[in-house]
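Attaching a single structure in C-alpha cells format; questions to follow.
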Amino acid sequence: MATVFSNAEGHGSVNKNDFAKRPPMGWNSYDYYDTTVNEEQVKANADFMAKNLKQAGYEYVVIDIEWYAPNAASDRENYQYIPFERNEIDEYGRFQPAPNRFPSSVGPNGERLGFKPLSDYIHNLGLKFGIHIMRGIPRAAVHEHMPIKGTGYTANQIAYPSPVCPWNPDMYGISATKPGALEYYKSIIDMYAEWGVDFIKCDDICNIKGENPYGSRGEIELLHRAIVESGREIVLSLSPGPALIEEAWHLERNANMWRITDDLWDVWDLLKDMFRRCEIWQKHVGGGNWPDCDMLPFGMLCKGHGCEHKSNLTPDERLTMYTLWCIFRSPLMIGGELTLLDQDELALLQDETLNGLNMYGGQPEQLFNDGKIVIWTNVNTKTKVRYIAVFNISEDEQDFHGVKIRPHACVLTEA
Amino acid sequence: MATVFSNAEGHGSVNKNDFAKRPPMGWNSYDYYDTTVNEEQVKANADFMAKNLKQAGYEYVVIDIEWYAPNAASDRENYQYIPFERNEIDEYGRFQPAPNRFPSSVGPNGERLGFKPLSDYIHNLGLKFGIHIMRGIPRAAVHEHMPIKGTGYTANQIAYPSPVCPWNPDMYGISATKPGALEYYKSIIDMYAEWGVDFIKCDDICNIKGENPYGSRGEIELLHRAIVESGREIVLSLSPGPALIEEAWHLERNANMWRITDDLWDVWDLLKDMFRRCEIWQKHVGGGNWPDCDMLPFGMLCKGHGCEHKSNLTPDERLTMYTLWCIFRSPLMIGGELTLLDQDELALLQDETLNGLNMYGGQPEQLFNDGKIVIWTNVNTKTKVRYIAVFNISEDEQDFHGVKIRPHACVLTEA
Amino acid sequence: MATVFSNAEGHGSVNKNDFAKRPPMGWNSYDYYDTTVNEEQVKANADFMAKNLKQAGYEYVVIDIEWYAPNAASDRENYQYIPFERNEIDEYGRFQPAPNRFPSSVGPNGERLGFKPLSDYIHNLGLKFGIHIMRGIPRAAVHEHMPIKGTGYTANQIAYPSPVCPWNPDMYGISATKPGALEYYKSIIDMYAEWGVDFIKCDDICNIKGENPYGSRGEIELLHRAIVESGREIVLSLSPGPALIEEAWHLERNANMWRITDDLWDVWDLLKDMFRRCEIWQKHVGGGNWPDCDMLPFGMLCKGHGCEHKSNLTPDERLTMYTLWCIFRSPLMIGGELTLLDQDELALLQDETLNGLNMYGGQPEQLFNDGKIVIWTNVNTKTKVRYIAVFNISEDEQDFHGVKIRPHACVLTEA
Amino acid sequence: MATVFSNAEGHGSVNKNDFAKRPPMGWNSYDYYDTTVNEEQVKANADFMAKNLKQAGYEYVVIDIEWYAPNAASDRENYQYIPFERNEIDEYGRFQPAPNRFPSSVGPNGERLGFKPLSDYIHNLGLKFGIHIMRGIPRAAVHEHMPIKGTGYTANQIAYPSPVCPWNPDMYGISATKPGALEYYKSIIDMYAEWGVDFIKCDDICNIKGENPYGSRGEIELLHRAIVESGREIVLSLSPGPALIEEAWHLERNANMWRITDDLWDVWDLLKDMFRRCEIWQKHVGGGNWPDCDMLPFGMLCKGHGCEHKSNLTPDERLTMYTLWCIFRSPLMIGGELTLLDQDELALLQDETLNGLNMYGGQPEQLFNDGKIVIWTNVNTKTKVRYIAVFNISEDEQDFHGVKIRPHACVLTEA
C-alpha cells in the first residue's frame, strides 16, 4: 500500500525534517539591495558573516529576486520588475545568473557555470548558500515554446495563461498535473543542486494573492518532491505570506518554513501585527517546521529600492522584534547590509540568551494578550531555563506587577 | 506572576482536560425533536441507551434547544423559534424548563426544581445528563431590567443591543468586560451544576455568523471560567460551526469540543464536505480537545421539524460516516430517535472495532486525498492495532490497488 | 388594470414629486446637538432662520434623532444611544416627544400634544417643520406586545427579531408583508401629519449596513404609501448612505431625497470623496428626486457629541463644498448651530448665485475628472446663465489654462 | 476652455449617438460556431439575413472571437482558447484573419487584404459588417517587442503584465496613459475602418472580472476616441457583462451598447435573471445608448462548442425573451445559425409588433414586480400605441385579473 503515501515523507533519498533541525539563520540580500545585488556584494556579506555572526549561529547567505536580470532596476521609477525583458535564460527555459552582475557564472570559454563558483566561495567560509526563485516557468520560455530538459515536452504545454503573479511579470504558473511539469521542476532543482544550493526561497507560492490563495498547492508538492529526489538537503522556504493556517498540515509536509506575514518592514504597525500572527501559529513550531516572521530589517536598508535609510525601528522596537522572533522560534534572516551594522545591532544579533532560545527552544506559548500587554514563554531545552517575555504593545507605559515597561518595549525574565 | 495566566488552566478546582479524556458519546434530541422534546421522550431515550448502547461507550443524554419555551413549535409554518414569546424564566433572568413539557421541574408546592429530578433519573441509569443553552442573556430579562443574582447589576447593564443572533431570537449577547457579566454566567452555571448537568452544548458561540465570527471569544472565556469555578466537571461543547482554525489554540484552552461544520444532515454532499474539514483539523485532536463533526443523523429524523423521515443516508454512506467519525475521533452524538433505530443501525453503533478506534485512538492522519480516494489512518492505542480506512468519495466505482470500492463507500483494514 | 400600478404614483391624494420641486433647504439639529436638542434651542434656530436665511431660500427646521429619549446623552462615555432605555411612548407603540425636553408636548392636563405646538410656532414664522425617525417599531413596544392602533394586531406580530440596526438600539424592523405593517406606518404618519410635520428624515433605511443593504425596500414603500394616503405633503428623506445606485429607480418612485454618502463631517477626505459620489449620481437629479450629499458642517459643531468645536473646513474647503452642493443640486441642510454662525459663513449661505443655481438649476454634468482637476457645469434655468466650476481636489496648486487654483479650492465662472 | 471636454462628444468627425439611433439588430457567429466560423458560413448567414430578416430590421453580420486563430478549436477538450499559440498577426502587432478560414483575406500575390473583401460582399447585400475584438494587444506582439505603427514605440512599452484576462489568453491589457497607447488603438481602428467594419464588439472590457471590474475605463475612452477620429461610424459594443450601473454615465459617453449580463444561454434561470437586470437599467435606455441583454439563443446552437443542439427554450420562454428584449429595447442579436431556423422561430423574429416596439419604442418602464408577475410598458412612438407586457416568471400558472398566464409565459396587450 506504500504507493498511496505520495504526500508523505520517506520515498526519496532525503527527508525534509532533517534539513532544518533548528530555525534557519542567515542573511538575505533583499532588504538592502532589492533586485540589484552583485557577486562582490554577496561575497562581502558572506565574509562579514563568517567573521562576526557564524559563531552566533548564522550560516545562510541568500541572493534574493531577479539575479537573472541584467537590467534589473534600470527603470525603477516605473517598475520594480521591468516587464517583458530579455533575461538570462538557457536553452531549457531555466534562468541563469546575469553575467554582468555575477561574472563567475561564465567560464573562460563563455560556458555557463551558474552559481557554482560563488557557492564554492561561500562553502569555503563554512557557510551555506541560498537563492530566491519565482514559482513557475519564464514567460519567455513559454512564448518561445522552449523544450523541457530530458523530455519531449515544451514550455507552452505545462504553463497556464492566467492568473499570473500580480506583482512580478517574469513567470507563468505551471499546471502541476500536466506531463512535463514535474520534469521541469526537477530540471531546475537538479541544476541548483549541482550549483551547491542549500536553501531555496520560492516566491509567489505561499499566498498567491488571488481568489484561490493556496492555488499553488500542486507546485509546492512538485518542488518538495524534486528536492527529495535530488538527494541534496535543500531547505525550502515559501513566500510571500500570510500563509493560510488551514493549510498548516500541508505546509508541514512539504516545506521547512513559510511566511506568516506579507513583507515586513521597519514599521511598528507591522511588528505589532506580528503578535497576532504568532498567536495563530504558536502550535505549529518545531521539528523542521518554522513559521516565518520574515527578515529582520535592521541596519541600513533599501539602497536598491532607491530610498536608502537607517532602520526606523527604535532600539526598544528592535529588541522587541528580536525577542519575539527568538521566543517564537521564527527563522532569523537579517535583511540589512551586514557590513554597515552598528555595534548595538551586531551585539543584539550575537545575544547568546536569545539565540539560544531560538536554536534550542521548545514549544512557544502565548500566555496572555489583552491588546496592551502580551506575554510569551519558552524554554531553552539545552539549559532547561524557562523564559518569560513581557511585551508592551500599547502606546503608553504599562505597569506590570510593579515593573514599568515603556511603550513598544519588552522585558525578558527567567521563570 | 501567577495572575497573568488568566487564560490558562489551573486556577480553579477542575481542569477541562480531565472532563473528556475520550470523545464524548451520547444522544441529542435535536435531529428528531427539534424544539419539542419532553420529559417522557427524554426518559425513553435514556432507558434505551442504558440498555443497548451504554456498554458500547455511549453515556450522554442531551436536551437540545428551547426547553424553556412552553409554546415551542406552535407556529412552525412561520417560525422555527417564535420571536418575542413569553418563555419560562426566573427572577434572575435565567431560563427554566417549561413545566408543561417537563413536569418534574415543578415541585408539589409549585417550587422550581429545574432539571434536577430528570438529571437524577438519568444518573441512576449510569448515564450523564446534558443540556443545550444559547449564548447570552434572555432579551426579556434585558428589557425588564432584571437583577443579576447576588449582585447589584441588572441585565440591561451587561447586554449589548447588536448584533443579535441571526437565527434565534431569544437572547442578547453579553459584553464580557462589563461588571456583572461573569457573575451572570456563574449564576447560570452554578444553577446547572446544582441540577446535575454534565454537559453543556452552548450555541451561537463558536461561529456567530457575522462580520466577526469569533466575536464571542470573551463569553467563551467566561463560560469556561464559570465551569472551572463551579467545581463540577461539565463538558463544554461549542456550536455552531464551522469553527475557525485560526482560533484552534483558543478553543483548546477553553472548551472540550467545537463544531467544525455548520449543521450536518443526512445528505451526501454535507458528508463529503466533512473530509475537507477533517483534513484541516487533523492535528488538533486529542487530550480533552475534540473537533466535532456534528451529530449522526441515523434512523428516524425530523419529527419536530414537521418532515419526519428515515435517514436518507444509504448503508454505504452511513458506514462511511461512522468510519470517518471514529478514525478522526469526532465526538459521537446520535441524532435520530433511539427507540426507532433498526437492527443494522444499532449494530453499527455497537461496532467494537470502530468504537474502540474512537475511544482509544491516537493522532488521526490523512494520508492521501485526490478528490476521489481519501485515506486516513489511526491506531487503537490499547490494542496497538493500526487501521487504514480508504474512502471513495467520487460518484464512480474506484479500483484501489485491485480492491473495488463502490461510490460513497469505504474499506477499513489493519495496516 | 390600475391595481397593478402599486409601486407607481397617483393612487393617493398627494404626489411626492410635487412636494419638493427644488432641493430642500433648511437646518438640522444633529451636527451640533446630537441627541440633546430641546424646544428652546429649536425655536432659537427657527427664529434665526426666519430672520437671516428664509429670504435666501431656507425653510425646513428639522429635529434629529431621539427626541423621545428623556435621558439622551446621559451616558455619553459609553453610548451615543443608551440601549434598553425606557423612552417616551404612547399606548400604540409610537414614540412621543420627551416632555422634559419639549415641554409644549404636554398639555395643561397632562395630555399628549406631540410636536403640534412647536410645529405651529415654526409655521407661524413662515417656515416648515421636520423630524427624524428610525425605521421600524420600538423594541419596547414589541416585547410588551402593544396593540397597533385601529387594528387587532400587536407589535410582536409585525416585527422581526434580526438583523437589527447596528448603530441604534431603539427599534426592530417591520416585515412589510405582515398584516398590520402598513397600519402601523399609517398610524405614525397620520400622527405626524396631525402634528404638522412637513419633512421626515427616516434613518436606518437607505443603506442598512448588512448583507442586504437595501433590505428595507418594503418599508420604504409602506412609508411612501402612508404619506400619500395621509393627504399631507411630507417630504421623505432617507438615511444613511451611501444609497445604492442600482436602486435609483426605486428610490425615485418612493422618496424625495436619499443620502449618497455615509455621515459627512468637517473633514477634507470626506468632502473629496463626494466628487466620486456626485459623478455616479449625476444623471439622477431633479423633478422631486434629490440625491443628498448630507448636511453642511459649517460653524459650531458637536456640542452634544461632547467635542464642541468650530468647523475644521477652511474657507476654501467650505466654498468648495457649497459650490459642489449647489451645482450638483444637493439638498442644503445646515448642520451647525445657526445662532453661532460667523459673518463669512452666513454670507456664503446667502450667496445668490450659488443658491440660484441650486434652486433653479438644470441637469448637472461632470465634464472632466483626472483625480486632480474636476469640472462640473449646470445652468440656472431662470436666468439662462450657464456656470462652470473648476475644483482642485489635489494637494498641490494646479495651473488650469493659466488660472492658478489653490489646493482644495475652486473657481466658478460663467460659461 | 474646449480642451477640458476630453470625455465629451464633439471633438472628432463623428458622434457616437448618431451611429445607433435604434437598438442594433443582427446576427453573431458565437452561439453556434464558437471560435470556428469561416468565410463560407458567414456568407451563408448574410445571404439568409438579406433574404429573410433585412426587411424586419436586421442588418449586422458579426464575426465573433478568434478569427485570427488558424488552429482555433483544435484542442477543444483542453481549451476553448489554446494558449501561447502562433496566431495570424501583422508586423505592427495587429491580428489578421486566418487565411485558412477566410481565404479572401489574402490577395493573389499573398498580400493581406483583411476583411475588406468579405465586408464588401456583405455591404453589397445591403447589410452591415461587424467583428469581435479582445481589449489590449497580443501577448505575442509584446514579448517580441513589435513596433506600434507610425510611432517609435514598441508593444512592450504600452502593455501591462498583470492582471490578465481570466478566460482568454491572447492579449495583454494596455496602460491607457502610456505614450503609444492611443496610437495602437488608432492603428487597429483605422485598419478596421479601411476594411469597412461597421460594428465592433470589444470583449474583456466591460467587466473584466477582477478586483477592479471597470479597470478598463481608460481603454474604453481610447477606443471611443479612435473611432471618433477614424471618421467612420462604427458602433461600439462592450462585453462581457454585467456592466456596472455606477458607471452608466461613463458608458453612455463612450459606447453604444454594453452587456448587462454575463453570457446568456438557452436556460430559463438566466432568462429569469434578466428581469432583475432590466429593472436596474430601465432609466438608461435610448438615444444611442442600449443596455444589452445579450444574444438570442434561438434555433441550432453550440456546434463549435462541441455540443450542437436545438435551443432548450420552450416556445413560451422564447416569446418571453423576445418580448422582454423588445419592450426593454435591448439590441437584438440572433445567436443561432440562421439557415437552420424553423418557421416559428423565423416568424417570431419577423414579428412586426415586437420589432416595431424595439425600433421605435420610448422609455421602457417596469410597473410591477412581486417575484411572480412582472409588468413592463413601452410605447411605439411611431404608431403612438402603448403596450403592456405581463410576464409570469414563477413556476405556477398565475391568474392575473382573470387572465390565466402559464409559467414562463407572457401576454402583450395594448394599454
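Quick notes
Going in written order, the chains are labelled A, B, C and D, and every chain counts its residues from 1.
Here is the rule we use: a contact is a pair of C-beta atoms (placed from the backbone, for glycine too) under 8 Å apart; a residue touches a chain by one contact, two chains touch by 3 or more.
Note that this is a predicted model, so its numbers are computed, not measured.
Annotation of chain A and chain B: not jointly contacted by any chain, touch as defined at the top. In terms of their C-alpha centroids, the spacing between chain A and chain C amounts to 55 Å. A straight line joining the Cα centres of chain A and chain D is 48 Å long. Chain C and chain D, compared by their mean Cα positions, are separated by 43 Å. Not a single residue position of chain A touches two or more of the other chains. Viewed as a network of touching protein chains, the structure reduces to one closed ring of chains, two contacts apiece.
A list of each chain pair in contact follows: A-B, A-D, B-C, C-D. Only residues 83-84, 139-140, 142-143, 145, 156, 159-167, 169 of chain B touch chain C when the two sit together in their complex.
Contact residues on chain B toward chain A in their complex (touch as defined above): 1, 3-8, 245-246, 248-249, 252, 279-280, 282-283, 366-368, 373, 375, 388, 401, 415.
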